[in-house]
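Here chain A shows up in two complexes: once beside chain B, once beside chain C.
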Partner chain A sequence: MGTYILRRLLGMIPMLFAITVFVFLMMHAAPGNAIESMLNPRIKDMAALQAQLIHQNGLDKPLPVQYVDWLGNFIRGDWGYSFAQGVPVRQLVLPALGNTLILAALAEVFILLIGVPLGIWQARRPYSLFDTSTSIVNIILFSIPYYIIAIFLIYFLAIKLHVFPSQNAVGTGPQAGSIVDHLYHALLPALSIALASSAVYSRYTRGSMLDVSRRDFTRTARAKGLTEGVVFRKHVFRNGMIPIVTQLGFDIGSLAGGAVILEGLFAYQGMGYITLQAATQRDYNVIMATSLIIAIGVLLGNLIADILYAVVDPRIRYQ
Partner chain B sequence: MSLNSVFADSIEKNSTRRRTKSPNRLAFERFMHNKLALISVIILLLITVMSIAAPLITHQSAWQTSLMQTDLPPSSTHLLGTDSEGIDLFARDLYGGRADLLIGFVDTIITMAIGIVLGGLAGYYSGWVDAVVMRICDFMFNFPFILLIIVIVAIFNVSNIWILILVMGFTSWPGITRLVRGLFLTIRESEYVLAAQISGASVWRIIFKHLLPNSLGPLVVNATLLMAGMIGAEAALAVVGFGVKPPSPSWGNILAGALNFLTLQTEPWVWVPPAALITLTILCINFIGDGLRDAFDPSFEK
Partner chain C sequence: MRMMKRTTLSTIALAASVAVVLTGCGNDTSSTNNAGGSNSAVDSGTPVDGGTLTMADTTKWEDMFIPYLNNASPTFAMWELSFEPLMSYDKSLNIKPNLAQSWSYSNGNKTLDIKLDPNAKWSDGKPITSDDVLLFMNFIGSKVYNTTDQGEYGYLVQPVVGSEKIASGAAQSFANTGGFKKISNTEFQINFSKADAAVLAADVSSYIPLPAHVLGKIPFSQWMNSDFNKKPTVVSSAYIPTQVNGQSSVEYDENDNYFKGKPHISHIVLKYVSEDVLPSLIENGQVDMNIEGNNLDTDSFLKMEKDPNLKTIAQPAMSYGFVGMKVNEPKFQNVQLRQAMEYAIDKQAIIQGVYKGLGKPAYGPIPYFDWAAATSADGMNTYAYNPTKAKQLLEQAGYTIPSGQKWRIDPKTGKPLVFHLVYSSGSPEVQAICTAVAQNLQAVGLNVQLETPLDFNVMLKKIETNDSSLDMFFLANGIGTDPDPRGSWMSTDPGNLDSWKDPKNDALIDDTFGAKAFNQTYRKQAFVKWQLYVNQQVPMLFLYDRDDTWAYSAKVHIPADSWIPGGYTNIQDWWISQ
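This part shows the complex of A and B:
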């Protein structure tokens, strides 16, 4: 197992290289440059000043050299300076990363608490009234885009009932910044993601459980006189959860990036929100840092998915 | 029934000029029996016709601002009231459908085309072509679709709807490419493909005449789901200001225009209709997709 993980980590290196090159080149393909957008075009000697600043920032070096410089700085933790916010990028990105991780973790918890049990209950009595009615609700929930669910949640829970905040990742007052405060602010966006996703998860779970409960080994377990509870716990549940666990791993990465719209909607200061902000202000250093981190997050998520797959399914042996 | 009688039966059918039905014909007939899918087709057609024929339905302009008539509640002249710039919202909801349906339709075609060509080559040749295409797909999967579009739109300052369509189309193909590759990899091994190869058919002939028609079912189903996804994605982008740019109306940017505390609280007629239209359209397309899935793959039925 250890060697497998090590090999997979080494195998990630070419992909990481491709990602950094892509992010770097994309920012360089952008029309205009950061210096130009910073300077007031009416100042005297604009061209000379611009040339001087470009030289000072190393923007006149050959591209590969610039790339190596940028990558070296990035690895050392110098992620550049946010021109629009006036702070180093790291100071902006690290708290945002924390906020996004809280949001993603909370969303996963909701998905596991809503989607999986629902799927299991549906699979226990397939085509019963409970199964069909919840399946219809699932199709509808799945078809309502998550941002529209979010708008309705804001409307009912934040605006009408004043139970939850509709804005920001942390509140004001003495409680601000505590873990409870963080969770309180992440609750509505997390619920908006989870409602739609849990519809998908319950569908997966139901299908997987039904599939396993029709297998020969389940029939054997019943035939040798095990109680329904034991059959379910030891045979159906363990095998039925294998695809779900893998899916969960894949979602870890995509949740981080997929929450862009919701973070924008809730003004929740996570990775997505600062990327949006940077995109409107064309703050290239921030965009480079966030898209790189999100891409690495997705890559790690996929790795975790593969490892989880090997952990829960003893039939899989990675050599 | 013995084999002989089946044979006799088919001869008899041929002699009475009753042709056996093709699988696609059978699928079509199964689809026509699915009430939910048919109702969805009708609603979707209705929405499409209403947005194309918008000038026939309302005389109000979807662009004309009027400072004297801002934030009006619904009335007989303005069926859904006006927005903060005095533009008639009913007209905007109608005309807005054009942008969303156009994006959904054109992007589905672009994405399917790229996916079929790339996935087709990868699935047919396998070997190094497959390896290259799949590595590119893996690479693209590392960047969440919505995020990639936002970054590209921001960097290149996209404000034209056609460029937005191109950006969306050229970033969303990896999923379909993977699907097509998987489908082709299995069909490739069948005897009729071998027969075609031996009789000297070209690669493209085999892909378009043999592999493609035989994987039509899953492709059509996924194309419908893709269309729903594209319409949803436009609205999502518009909600955060990166979709179709106002003053051109789209359901997404009407919704985006209503996202402030006051409008949400006091003027539901601004944001409920576009939200409902987006949801209804996506719901209909998903039901049609489900119907198509059942129609093409009868084993999927309960």
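This part shows the complex of A and C:
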């Protein structure tokens, strides 16, 4: 397994390289950049300032040279400077990444805690009143965009009932910035993501469990006289979790990129907002950094899913 | 507190539709209130001390407190509570004493002698001195600020003698270049390379003394990452930051040593919130008010006007909306065509339809509230909506409609005229404005085609490169606290996106900052002459001077004289009912 993980990690390098080259070329293919968009008429000689900044940032060099420069600096820990925000990229991106990871982790916990048990419960009593009614609720939740759910959660839980904060990644006062404070502020946005996503998980879980419970090996286990609990734990559950693990891997990757609309609604300082802002402002250094981080998130998510396959299904062994 | 703002060209901020959803969910008791009016804020009573004011900013800032170190406008709101400029402004944008108590010119208007308020102190009780002004000038003009830090505000000291040496690193202090002379702790002289009447209000007024006894010990190269930049311990304005919670919020305490007097309100919390949720947070009392530059959407504002628990106010914004034209192109060179276009647009209807009446029609480059603004009494043509007059002008100029045709022809070529109007994507308000403009112009026979909205950067690039796919474009132009037109209006200015190259216009602008313009009466007349010329030439289609909007809790009391165009001032005089 260790060799497999190492091989997969090494295999990510060319993929990341290809992704960064693609993003780099795409961004530079779009007209304009953050420096050329500076339009402060009070600056007496804007053209000279722009030319100076373009030269200083190496934007007048050939594209391949710019890319190699960026890559070399990035590897050395110099992520460059945000032209549009006027701060070093690390200072901009790392706090946002931290907030996004907290939100993503909490959202995944909610998704798994709500979706998987619900799906199992539905699968154990298929076509019962409970199964039908919760399936209807699931379909309704899945049909509503998560930002609409977020608006209702903000209105009822934050504005009307004052139960949760509706804005920001941290609060005020002595506890501001503590892990508890972070989690407290991530609760509503995480719940907004989780309600819709857990519906998907419960459907996957239900379907997978039902499928496995009708397989020959499950019938054999029952025929051997094993109790229903043992059959479920040892045969149905572990085999039924394989599609869930696949979905989890995808989710980890996609959540690393943040949720643009949600972050806007909750004024949550995450990766989605800064990535969108950087893309509209042609803020190359920020886009490159966020793209790379998101790509790493997606690839790691897939790797985690592959590792979890082996955990849930002992038949799977990687060489 | 109020100081120079970045003047920028921009599109109007996005008005997200979800805001309507949220505000639509609010309680309905507001219908019983009769506060009404666009300026429902009435404040009276005896101020009391104490309380916490929670203000909301809908644009994310960078937690960098050293003034101008970060170029982004939202960051200004954060440090403006803590740092004071030399001068401030009144409702007509006339310059007023602030930290600088008085000033006078000498040496053929090339030397400015400034006396600081002797009572001005830092929050630690130490006096604010000439050395603190010099430190600011040295930093803002330095090579570090203008290169490593990529600062945009180096222009503030460019007119000062020796600025090139400071910028190149050849000299470290204006005191050594002849640009600055300390007379005493509270008096100093600034020497300029040439006399320029705009420099005082456009540049020097925005100088912000920095505490030399604290920052003077730290090399400029370390300021960006210094603790002071993250949370200053010494401030000159009304509030001291006590806790910075990332980019989520900043908490401030009153500055007991503030030179204008101890503020009534004890604490301020500045929070970053979603613009979609802001109206509900204000209605609900979780936020007391929106900060300057963070407009409420019009529907929310009108609804809040009727809420008995809120006060509202609309103040003129520091910007105007316009439709630019490529006036250097042959098809725009007939002035009667441009004048006809201005007559053809129903600006009042646009303001009423899009901004629910929160604004005024514009007809010149200096907004009506500015001391330098020319009025109809000065001879300005207001270009009141008159499609008949527009048609007459077009006919006189030969822009006729051939029999059986719908659109007018170009008299020079005899071919049908087509104008391509573009605007940036993302704002339903901008789309509504441009649709109205196109329809108004089509109604007088001008074939104006509304193009697919473009990403702002793409549109800008197309304008700057004179792309043939567009003839007209919508933008909003920010104005500075001095009406100096340079930057956007001279023939060679990069901000002159219309590419209007007119020697007479340049000469008229020259007169607004030349030797005679140090006399304010003369300068006003010079501005009037320039505006009359622009008004007659119509190099762009002026649309509106819109209002900024605020709503705040009824428990917050803001004296009427605190409100100025684009924002507020004198926060130390505000108070909260207990």
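In this section, the second predicted complex is superposed on the first by the 282 of 319 C-alpha atoms of A that agree within 3 Å, B and C clash if a C-alpha of one lies under 4 Å from a C-alpha of the other, contacts with A are read in each partner's own complex, and residues count from 1 in each chain.
Just so we're on the same page, a contact is a pair of C-beta atoms (placed from the backbone, for glycine too) under 8 Å apart; a residue touches a chain by one contact, two chains touch by 3 or more.
As the structure is a prediction and not an experimental result, all values here were calculated from the model.
When both complexes are overlaid on chain A, the residue A:Tyr127 reaches chain B alone and has no touch with chain C.
When the shared chain is aligned, chain B comes close enough to touch A:Met15, but chain C does not. In the superposition on chain A, A:Gln85 makes contact with chain C only, while chain B stays out of contact range.
Touch criterion met: A:Pro95 reaches chain C, while chain B stays clear of it. In the superposition on chain A, A:Ile294 makes contact with chain B only, not with chain C. Shared-chain residue A:Leu49: touches chain C; no touch with chain B. By the document's definition of touching, of the two partners only chain B reaches A:Thr275; chain C does not. By the touch criterion stated above, A:Pro145 is placed in contact with chain B alone, chain C being left untouched.
When the shared chain is aligned, chain C comes close enough to touch A:Phe266, but chain B does not.
Counting contacts by the rule stated earlier, residues 30-31, 147, 151, 154-155, 159, 166, 264-265, 280, 282 of chain A appear in both its interface with chain B and its interface with chain C.
Here chain B touches chain A in the complex through residues 138-139, 141-144, 146-147, 150-157, 228, 232, 235-237, 239-242, 255, 259, 261, 264-265, 271, 275, 278-279, 282-283, 286-287, 290, 302, going by the rule given at the top.
The touching residues of chain A, when paired with chain B in their complex, are 15, 18-19, 22, 26-27, 29-31, 127, 139-140, 142-145, 147-148, 151-152, 154-155, 159-160, 166, 254, 256-258, 260-261, 264-265, 272, 275-276, 279-280, 282, 284, 287, 291, 294-295, 298-299. Note for the complex: chain A touches chain C at residues 30-33, 36-47, 49-50, 52-53, 56, 81, 83-88, 91-92, 95, 147, 151, 154-155, 159, 166-173, 176-177, 185, 264-267, 269, 273, 280-282.
Within the complex, the chain C residues that touch chain A are 6-10, 16, 18, 21-22, 25, 58, 60, 62, 64, 69-72, 146-147, 149-152, 154-155, 158, 202, 224, 243, 245-249, 251, 269, 271-274, 276-277, 280-281, 284, 286, 455-458, 460-462, 464, 477-478, 480, 486-488, 493-495.
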